[in-house]
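Shared between the two complexes below is chain A, which has chain B as its partner in the first and chain C in the second.
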Partner chain A sequence: MKKKKVKKSLYLYIVPGLFMVMAFVYVPIITNIVYSFFRLSSYSSSMKFVAFNNYRRLFTNDTFPVMMRNNIYYCIISLIVQVGFGTVIALVLESKLVGKLNSFYRNVYFIPSLISLTAVGLMFNFIYNPTAGMLNGFLKTIGQPDLQQIWLGDKKLAIFCIIAMSQWQYTGYIAMLMIVAFQNVSMDYVEAAIIDGAGPIRRAISVYIPLAKEQLLVCSVITVIGAFKLFTEVYTTTSGGPGDASQVLGLFLYQNAFLHDDMGMAAATGVLIFVITVTLSIIQLRITRSGQD
Partner chain B sequence: MTTKHINGRKVFLTVLIHLFLMSLVLIILLPMCWLIMNSLKTNQEMFRDSIALPATPLFSNWVNAWNKGLYNYFLSSIITSAMSLCGILVFSSLLAYGLTRLNLPGSGLIFVIVLGGMALSEQVALVPLFKIIQAIGLYNTRWAVVLPYISFRIPFTMFLLRSYFLGIPRELEEAAILDGASRFQIFYKIIIPISKPVLASAAIVNLNFVWNEFLFANIFLENRKLMTIPLGLMTFQGDLKSDYVTMLAGILIASLPMIIMYLCMQKQFVRGLTSGAVKG
Partner chain C sequence: MKKRFTRLLAMGIASLMAVSLAACGSSSSGSAGQTAGADSTVAANAGNGNVKTIKFFHRFPDDPANSFIEEKIAEYEAAHSDIDIVVTSAQNQPFKEKIKTVVGTPEEPDIYYSWAGEFSERFIRENLILDLTPYLEADSEWADSLIESQMVNYTTDDGMVYGIPFRLDGKVFAYNRDIFDELGLEVPTTWDEFLAVLDAIKADGTYTPLAEGNQDQWPGAHYIGTLNQMLVADDVRAADFNPKTGAFTDPGYVEALDKYQQLVPYMNIGVNGMTHDMARQLFTTGQAAMCYIELVEITNLYQETEGTEFNWGMFVFPTVEGAGNPNILTGEPEGFVVSANTAYPDECVEFLKWFLGPEVGAQQAEVVGWFNASKGVADNLEDEGLREAYDLIMNAEAMGPWFDASLYSTVCEEYLQQISNVTNGDISSADAMAKIQATALEAQTLAAE
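Coming up: the complex of A and B.
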């Protein structure tokens, strides 16, 4: 009898943390799914059931194709640059040719990811500024004023300017993750490959990449998820403009909830982001866990 | 003859690689250098030619930025981060200990539930969380951001600590039990001190998240006194209007703490990042 009582008290280790996760992560997310079927506003508690109306309005919205396209552009370019090119950087840094400067390069590339998204966004606002910005100033200095642009003010360029900014910020981060993965590759395999006469490129393709495959997949998944959570980068630079040219799902959600007081539509957008990111996260968790066994 | 040929090729390749890596260094550093350079100019100087060096470096811009409100946002960020970190580390280490050491029925399921939280993104919870925070009267208080920060970071931190706890030999605990130590004493006097390195990693990676978080802070905080740095910078921009150089100085100052922290604690940082990667 006494023994049983002691056991129950042991749950006190688990309950506080579990409660927090339930109350502030799970409950809101489940509530969000419920909200997506209602019309509701931020400052009153009245709710009206509208079935799939919020979803219909979301999918038929004029900006829906624009934001899906922008999120997908962001996703694809980030996969190529951050994951693809970041891996190449990691391979180069891990090859024996770099020597003492190795950690200098690695740290410089990593530093942008430590700066807050707001600071980076505001900084690039200045860099892209048409009159006092670095880019146009640079183009003028090298004698190419014809190439000057209004950057963030240009409907076609705006989203790509934002994407470029993110590549600047996060390529070094992914490179760092890949470097650590490559460092965990057993030297036995590398030495065996060297004895077999494999050069650096051959070693990269047939030893390093296959053995760091899991980390590469994890990096790809977090990059894709990041692409569909995109918010602060756009909020701090263009606010989705000019017009709706650089609109993305995350910002659309925010604007509907807190500017247009259309929380039902925001909730429906949230569910869409949820479906996309959870599907991808399940893939990520599968990969990480299979790695542990 | 052949060795000389091979050496020649190797030198050429090395030079090529360094050129490539250095050009990337330039791409990373140029915007930062441009920012620092212009934060030392007058507004007129910046508009005349933003590429030129400042005539006389005006460090007064930095002092200005600090005094015009940045100081307050810094203080607020430090308090918010400290509260969040305490919560994250206490809840997560208790949870990780409970799940790895006590053989409680249901541990497996609870682990999966908590870990699942890692897959859920902040935006999806935003609308209901706003309503909840309002309903319990926490809107525009520090708790409005601290509670969500703690809750959203527990899954990752639990996961990080759990894998470390699993590696601690059970003999240590068994010896302590024989000496008559209670469960909590074992946790507090054995497990926690042994786990200092992983706790440091967890602390720094979470600090980076909390320090830079914007989405929740932007929606749950209205009072300037409570605003953290990322939000403060946005407000700062509105206040300064066309005083661009002071704004640039503000961005610079706001970015320094995490960079310095990283340079001092690289090892802990990298270990924390790689054991459960999440971005943004």
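Coming up: the complex of A and C.
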């Protein structure tokens, strides 16, 4: 292989960008790791070295298994609904079935993801309200009052109510990303498949999805990372309640940092989230052998 | 192989950046605040360069309080051409978080709202709040104009006064007089009478006896705080509030949770699924007979029932027999503190003297319906509800602190979670208390660190 010679001076051009990335991404990450071995608050000038004590307290915390479980629920359900169902929506919208209404449906699915998360949280607070809420009202109207629930106030349901809210919001977003990928699939392959007698389902499985593999991977990486840094949805609805039933890692981090004066514990939680997301991303990339065609 | 590894690394780093960027995004979402205050005086003084800028941070962004504060500050600036006060505000919950991120930094406000007790004392331990005692000693007229019983909460155990109250408060049951008349009920004074009243309303079936929304977890804590005051001796509670000695082993604490659990069946459904404001609206719309409210919420009651014939009254928490003191009124004054790092301590104190003084106080009582701690602010009030509220506060033997604000952070978190669990019936009072005791024990070592 012949190596192209690159002018050394060209490297200078990446210095400003590199500096920005170092200053705003890598330095904070390293500082965060350092902080996780200390006990400190956001306003105190002193910090005390506590070695692995923050990690020990994190892993032995009663809430720890609850948070992990909630984040994993969110991750699995989001992969199935957002990525899985989103891809199906994309395939349907790209097929000839919907005809001219294609762009109308695309907008309908996409619009929820444009609304601010905080607004969505407030809106769902009203929808889930046990006495005046839309959901219980609807169940009563259709003659199923037995199905009425306390929703966000119910220990078993709270986290699923929050997860449902996110699916409502983001399935259309993933569908949109997949539509773009499917549109990039060359018609040559599709036509070849049609000549070979492949029906719509066969074409989806053997042509569209394999050729949009990279995009599917990106979507699942986004979804998995999103699942472990889940925050606003919980913050604007239950704040982790009732009890600690809907607590998640992101909110736990935040509450420790800004409510419990425990920056060290927050930093340790941050490191954990970081390790989880990086590990999962690497595993996903390995499984799909990205870049190896 | 090498190429593959590089790609893998690049993707890993990319995802890492995504995480860190996302983390930046979420932390800013909690700091919903608003800025106001730059005005003509600044422009007028821009030339001479002697303008002293005082940053002022409060947590009352809703009207009428917000516009009242802005109006008064503009008035003060007009009278003091060398002072420019820059106001920011945030809602209750974001305020709690935001203030901790700015205190001790160059962004720190010169004057800010701060809850009395542990919330402020954590800053005092770091020498971040100005000691107002010398100022009060130097100006006896000012010291004498303040109501002594309301200054206690803003005084540390060793006598340092660190804050001046902006609004006095107390927790009472508001009740719907029409519903009580219709069912022939009397205002209860003891626990048994209270249960009898609740039973009667429930048996009638038309109204929810008690409106309560605990989604934000502090409303439940107010019940428990009051019950603890009646069931646990004062010195035991004082020792438990100190994070270094807090153990919460007194049996009265379990009994308080039991008593609270007794009330839950009389509350609206989905207590943990709605906020306090939503629950209060069950009361103001006549669907519920009673609601445990703060006296500062009288303003909200008036707003929510404007134009309707809403006939309501109030009574203090019925007496529960126990080792504690039944004459404490739950509710603490809330006020402002001055930063120890301010460049203009004298100017800040001078402003507070006026802003939290009798003249502004009387207007505040009239316009907002909140009283500050200066004597005589309610003398000319005509509104019956507000007068009654003022008398309740004045006649209280002592004020009980807000329970959640007086607990050490980790203990507070655990306590609130357990109250939430008890509300849902997911845990017994004894088991809940055992968990709180374990957290308190851990907090002892944390506080000592």
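The rule is simple: the second predicted complex is superposed on the first by the 258 of 293 C-alpha atoms of A that agree within 3 Å, B and C clash if a C-alpha of one lies under 4 Å from a C-alpha of the other, contacts with A are read in each partner's own complex, and residues count from 1 in each chain.
Operating definition for what follows: a residue touches a chain if its C-beta (ideal position, glycine included) is under 8 Å from a C-beta of that chain, and two chains touch if they have at least 3 such contacts.
Worth saying up front: this structure is predicted, and the values here are computed from it rather than measured.
*Asks:* For A:Gly270, select first, second, both or neither according to whether it touches chain B, chain C, the two together, or no partner.
*Replies:* Both: A:Gly270 reaches chain B and chain C.
*Asks:* Go through the superposed model and pick first if A:Phe231 touches only chain B, second if only chain C, both, or neither.
*Replies:* Touch partners of A:Phe231: chain B and chain C.
*Asks:* Could you look at A:Val21 and tell me whether it touches chain B, chain C, both or neither (first, second, both, neither)?
*Replies:* both
*Asks:* Determine, under the contact definition given at the top, whether A:Tyr11 touches first (chain B), second (chain C), both, or neither.
*Replies:* The first partner, chain B, only.
*Asks:* Given the superposition on chain A, which partner contacts more residues in chain A: chain B or chain C?
*Replies:* The partner making contact with more of chain A's residues is B.
*Asks:* Between chain B (first) and chain C (second), which, if any, makes contact with A:Cys219: first, second, both or neither?
*Replies:* The answer is first: A:Cys219 touches chain B but not chain C.
*Asks:* Which of the two partners, first being chain B and second being chain C, lies in contact with A:Ile282: first, second, both, or neither?
*Replies:* It touches chain B and chain C both.
*Asks:* When the two structures are overlaid on chain A, which partner does A:Gly153 contact: first (chain B), second (chain C), both, or neither?
*Replies:* second
*Asks:* Would you check which partner chain A:Ser41 touches, where first means chain B only, second means chain C only, and both and neither mean what they say?
*Replies:* Only chain C is touched by A:Ser41; chain B is not.
*Asks:* Across the two complexes, what residues of chain A are contacted by chain B and by chain C?
*Replies:* Residues 21, 25, 28-29, 42, 117-118, 131-132, 222, 225-226, 229, 231-232, 235, 250, 254, 258, 270, 273-274, 277-278, 281-282, 285, 292 of chain A touch both chain B and chain C.
*Asks:* Which of the residues in chain C end up touching chain A in this complex?
*Replies:* For this pair, the touching residues of chain C are 3-4, 7-8, 11-12, 15-23, 26-27, 29-30, 96-97, 100-101, 103-105, 122-123, 126, 128, 214-217, 268-275, 278, 282, 409-410, 413, 417-418, 420-421, 423-424, 426-427, 435, 442, 446, 449.
*Asks:* So in the complex, the part of chain B that touches chain A is made up of which residues?
*Replies:* Residues 10, 13-14, 17-18, 20-21, 24-25, 27-31, 34-35, 38, 46-47, 49-51, 87, 91-92, 94-95, 97-99, 102, 104, 107, 110, 113-115, 117-132, 147-148, 150-152, 154-155, 158, 163, 183, 187, 208, 211-212, 214-215, 218-219, 229-231, 233-234, 237, 244, 247-248, 251, 254-255, 258-259, 261-263, 266, 270, 273-274, 276-280.
*Asks:* Spell out the residues on chain A that touch chain C in their complex, using ranges where they run on.
*Replies:* Residue positions touching the partner: 21, 25, 28-29, 39, 41-45, 48, 50, 57, 62, 117-118, 125, 128-132, 150-155, 221-222, 225-226, 229, 231-232, 235, 238-239, 241-244, 250, 254-255, 258-262, 270, 273-274, 277-278, 281-282, 285-286, 290-292.
*Asks:* Enumerate the contact residues on chain A facing chain B in the complex.
*Replies:* Touching chain B: residues 7, 10-11, 13-14, 16-18, 20-21, 23-29, 31-32, 35, 42, 89, 92-93, 95, 97-99, 101, 105, 107-112, 114-119, 122-124, 126-127, 131-134, 137-138, 140-141, 168, 170, 172-173, 176-177, 180-181, 215, 218-219, 222-223, 225-226, 229, 231-232, 235-236, 250, 253-254, 257-258, 263, 266-267, 270-271, 273-274, 277-278, 281-282, 284-285, 288, 292 of chain A.
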